[in-house]
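I am attaching a structure below and will ask some questions about it afterwards.
Each chain gets a letter, A, B, C and D, in the order it is written, and its residues are counted from 1.
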Amino acid sequence: MSKTIAILTGGGDCPGLNAVIRGVVRAATLERGWRVIGIEDGFDGLVDGPRVRELDLAAVRGILPRGGTIIGTSNRGNPFQYPVMEAGETRLIDVSRRVLDNFRKLGAEALVAVGGDGTLKIADRLNELGLPVVGVPKTIDNDLRGTDVTFGYNTAVGIVTEALDRLHTTAESHQRVMVVEVMGRDAGWIALESGLAGSADVILIPEIPFQIDSVCQAIQRRRERGNKFSIVVVAEGAFPLGGDKVVQKSAVENAGIERLGGIGHFVAREIGRCLTMETRVVVLGHVQRGGSPSPFDRILGSRFGVKAVELIEERGFGKMVALRGRDVVSVAIRDAVGSLNLVDPKGDLIRTAEELGIMTGR
Amino acid sequence: MSKTIAILTGGGDCPGLNAVIRGVVRAATLERGWRVIGIEDGFDGLVDGPRVRELDLAAVRGILPRGGTIIGTSNRGNPFQYPVMEAGETRLIDVSRRVLDNFRKLGAEALVAVGGDGTLKIADRLNELGLPVVGVPKTIDNDLRGTDVTFGYNTAVGIVTEALDRLHTTAESHQRVMVVEVMGRDAGWIALESGLAGSADVILIPEIPFQIDSVCQAIQRRRERGNKFSIVVVAEGAFPLGGDKVVQKSAVENAGIERLGGIGHFVAREIGRCLTMETRVVVLGHVQRGGSPSPFDRILGSRFGVKAVELIEERGFGKMVALRGRDVVSVAIRDAVGSLNLVDPKGDLIRTAEELGIMTGR
Amino acid sequence: MSKTIAILTGGGDCPGLNAVIRGVVRAATLERGWRVIGIEDGFDGLVDGPRVRELDLAAVRGILPRGGTIIGTSNRGNPFQYPVMEAGETRLIDVSRRVLDNFRKLGAEALVAVGGDGTLKIADRLNELGLPVVGVPKTIDNDLRGTDVTFGYNTAVGIVTEALDRLHTTAESHQRVMVVEVMGRDAGWIALESGLAGSADVILIPEIPFQIDSVCQAIQRRRERGNKFSIVVVAEGAFPLGGDKVVQKSAVENAGIERLGGIGHFVAREIGRCLTMETRVVVLGHVQRGGSPSPFDRILGSRFGVKAVELIEERGFGKMVALRGRDVVSVAIRDAVGSLNLVDPKGDLIRTAEELGIMTGR
Amino acid sequence: MSKTIAILTGGGDCPGLNAVIRGVVRAATLERGWRVIGIEDGFDGLVDGPRVRELDLAAVRGILPRGGTIIGTSNRGNPFQYPVMEAGETRLIDVSRRVLDNFRKLGAEALVAVGGDGTLKIADRLNELGLPVVGVPKTIDNDLRGTDVTFGYNTAVGIVTEALDRLHTTAESHQRVMVVEVMGRDAGWIALESGLAGSADVILIPEIPFQIDSVCQAIQRRRERGNKFSIVVVAEGAFPLGGDKVVQKSAVENAGIERLGGIGHFVAREIGRCLTMETRVVVLGHVQRGGSPSPFDRILGSRFGVKAVELIEERGFGKMVALRGRDVVSVAIRDAVGSLNLVDPKGDLIRTAEELGIMTGR
């Protein structure tokens, strides 16, 4: 009953966070007799405070099917560049020493840091400074390189697919083009997989800068074959082709994307221009990251939680858990963060999409 | 096998339309041996064409759980003011005679017109001109006066409630204010019932012009009681208090609602101003009107379809079917259209909301 | 802060119980400043103990979307005939005096008793003995006479309809007869409404004793029309026609229903005998009464909870809340319990079912 | 437009079959200009007939989200041992020559056979006899060795998990043991993954013969820790430990499993004996294999369909498509069928379950 470990969750809401917390608590408590404390609101709870709560078996009862995180997530963020108000201005200062001191006060032997790229980088730096950390990767965007897949992503794809199913009936009844903007940051995973599952006709992702003329032609060809409606799925990070990336971004800005409210509105407007069809935009927004996790994400989160405890037992600090094939393994945090896991424009999924007749922007 | 009847669906997509079509076809065919033909794309299919398809039992097999309408809905609309392109300009002309002629060509004895306020008004005028019509009311907004409730509404409330459930986990984990803009046109029904079902903290509806200061105070009181997040549901037709309605509208316009993209963005921006809290907007959009109808809407649509056939049998032309208490009855179309079914600001539902501690804008 | 009220939930699990508890707590606390205590495990918590817990605002946070009841329900039951073990035998004794004494110890001014027919009868008797009670009706079976509808029922119909949607694809692909046995005790509501919503071909309910030959003929007619599969929904209380009710029951027993495991198996076996078709039985069981309540049930439960508090304020003891049309009203408990709300074999819903071509057993 | 290929689906209903059909049709038609014909009701449609239908783009429109198979599946089965009625008796005869002849009449160059172990074995034998076949593996049980996972399985796990979520509220409110029997034939995959995702307390699978005493002790330990309810998930193929497998089976029979209706009832009865707790059984049955496929299964089915067309193009007859890691590959049918993909009792998933405190029967 001697050992104590701590856990925190950082970054955006993600279905499966509670599965990790429950996995850590049950694996630590039931088998090993350890004590687990939860740090509130990510690293924020180590900057001020420390603010913590006891995580015993009762505390994690019934949380597996629930979205969100019972210990909250950070709002201010990076302790190496922590925003503080001074004389009416916000300055960024390094409060990492306070974090280390506060962690020491807890009497915990290790920290499980659950989060995305940002949280894991911070965790790795703190590990170098002597705070024993193991990481658990988390993002609905599935853009982390060190693991085959992250929890939360499967749930997000499910929510978007359900929305596409619903929009199909409207698009079909009204002979409309529906443009659906989905999350994913700089990666097209959510757009691609939900588009495949939701019978999209066009899928636009950041990895393949699109030509709006090709998009219009694809929709026109569908009409000529008797399909009077089309569903266009656009990743929030998608952008039109136009030379190198910087130029593309400013081209987008010139084209008024910001003013319009996002790439979804841009695409809808351009389609409305080249074809005389009714066009509607839906920006799915935060519903994509909330709600009860899918079975896949509950299991993956649980496995990650259990593996994190095993990593602590082996003193595998500086490492994070990861899925490789069917196995949960560990990798050095530093090898996993920094570069992104992007859709391969020549890969199997894109080829499948194209063989199914889905237009991918080019 | 002698009698033939026709059916068309007009206006926006609405879960339950296929239930009505199936109900009409099965009640007409199985019991009465009638023939049913479906007019394509609402009144459009009677302006050009006529464009029709045979609706036998096989044609309606398996459509009960499906959203949308298998016979399409109108895109151009009112035959009394029909848009035609002439010399590069759009003019509105009266093509009602063509509609009457085309209907006569079908050899049908009556028409079932399924639609909202607009469609039903047209149906009533055509009935006066000698086309025998019975109406079936349809709107997800539940704003039709002649019936206790319309199909589609229950499904829409379900979709919004599910979205609110999802947003709760995000709002709670991040200590945010989430503003959710929902459909309903000039009525607050969807906002009110989904807000009640989805644990909203503030519900803003057109029937109760809101004071943004009161909204901010309500959120502030919640924080002081330890609730660090809030969910605000805003009907698309809600507007801030400010003298008479015209003034309010222009006040809203001045406030930049149009530029911002809707009342949801306006409310979010104002809350962000009066409180220093992270605020996010979600505009649910067309997902609210698509997808598989709820059991309630499937049953109500089916009952309406069966009753429409009975009405034709009784030669109750100019009437529409309606739900009153537990019974499906008929009312004169003209008594049902024109004025709206709005939320009663002093009614039982609003009082319940307020007793539950929900802020309703005042 | 002076007044204290208590609440208990009795009988079977039912989606919406937590909505009632939350409604009572919020209406009592926020507006009136009362204190609410929850009695654990129904009347059991007043027999031994009293076992109670504080129900403040924090205790009911987040419970609206959750099934079950946070304060538990009774397992032993009726305090007027309470089972106790004495010398290895179970005897039924009257412990109502202990209940009254224990309630007095709580210092509460009134009790909200949420439950079905059994719980409400007990509540009424205790009210006569001087314990001030208001009732809230609850049953997924919708068989309570005093109210138009009870919460839980809508959710149950939704779960069964979803199962029927799933079974359709299997039945259709395999050209099978699927027999689905659903809950409802002596009432056919769940079978009838889910059968209507889920495209059942045959619906068998207790209110219309069925003739198995007619069922077989209906399925045979479907085959001749080219429908190679059929879905049969059977209420758990349905039984074959055969003279008076007693005779029917024993006929059923002779026919081996008990041995087979229920009326669903009986119907499947008989269909397998008269037609040479593959037949499968699904007994949905307890999944019908669990899980997240539908929006309708969340709202109805919330309204009932709020109204119960208003009833206490008006000292309307011996009454229960009820839905009449669109309004929540109150009725004497004694007028509401005892006789059942059954499906009218000549009513609108059955007529609709028959016009849709659904076979209802006769 | 020269080449014609055929497709059939055999064996039990499985979500994702329509995704395969659509994938084959779109990849063959859009890119290659081939013609696709669908053989009705599995191999049955090649024994009599041939019974076929044209599968053009219109025929597969809208089928991706639908369960079942639009071309039906076999009811009689194996052409090498085909049941025929002769003089009132059923005899099994070899009709494979008729299948070959009928296939020849179709003028198709290749056959895509979608099915489980049985269907694939038949396909392989027909391939040896000169009918060019490529296989697509299908089973909700996930017990096929040649592929990492089969479509349908993910949907089945989702349905069971949803049922477990619902049963939790009932079990918790009533302090009951709920025993849930799930599909999976001789493999424990569905039980294991849905049990992990649905917070089961005990998971019993065929790969680990269980000791009922250990099960009772585990439930008893939970009670002593204050958990008054337990959820037990039992695979339909699970059985109690008792020497070698034959002995176990007869032990089970002696114990009356058959008479009781399945292993779920056996387990419930035994728990009721060793502990004095209320116990309920739910046998989920055919709802597990119907309904709309999950996004994962829609994508996997689509990928398999596209890959099958590519295999035909490469003349890879006698092979079947398979998922390996993230890639869709091909393997010899003969290497994939015959032996089963079972849960490894010492593998990562079982270890995770045990670290989470889940009892696995031993």
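The rule we apply is simple: contacts are C-beta pairs under 8 Å (C-beta built on N, C-alpha and C of every residue); 3 or more make two chains touch, one makes a residue touch a chain.
Note that the structure is a prediction, hence the values are computed from the model and not measured.
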Intersection of contact partners for chain C and chain D: none
If I average the CA coordinates per chain, which chain comes out farthest from chain C? A
Measuring from the mean C-alpha position of chain B to the mean C-alpha position of chain C, what distance in angstrom results? 32
If you average the Cα atoms of chain A and of chain B to get two centres, how far apart are those centres in Å? 34
What's the distance between the Cα centroids of chain A and chain C, rounded to whole Å? 42
Name the residues of chain D that each touch 2 or more other chains. 165, 168, 172
Pairs of chains that touch, anyone? A-B, A-D, B-C, C-D
Footprint of chain D on chain C - complex, ascending: 9, 12-13, 15, 17, 41, 66-69, 72-73, 75, 159, 162-163, 165-170, 172-175, 178, 261, 278, 280-287, 289-291
Where on chain B does chain C make contact in their complex? 22-23, 26-27, 30-31, 57-58, 61-62, 64-65, 148, 154, 157-158, 161, 165, 168, 172, 193-194, 196-199, 225-227, 292, 294-296, 298-299, 302-303, 306, 309-310, 325-328, 348-349, 352, 355-357
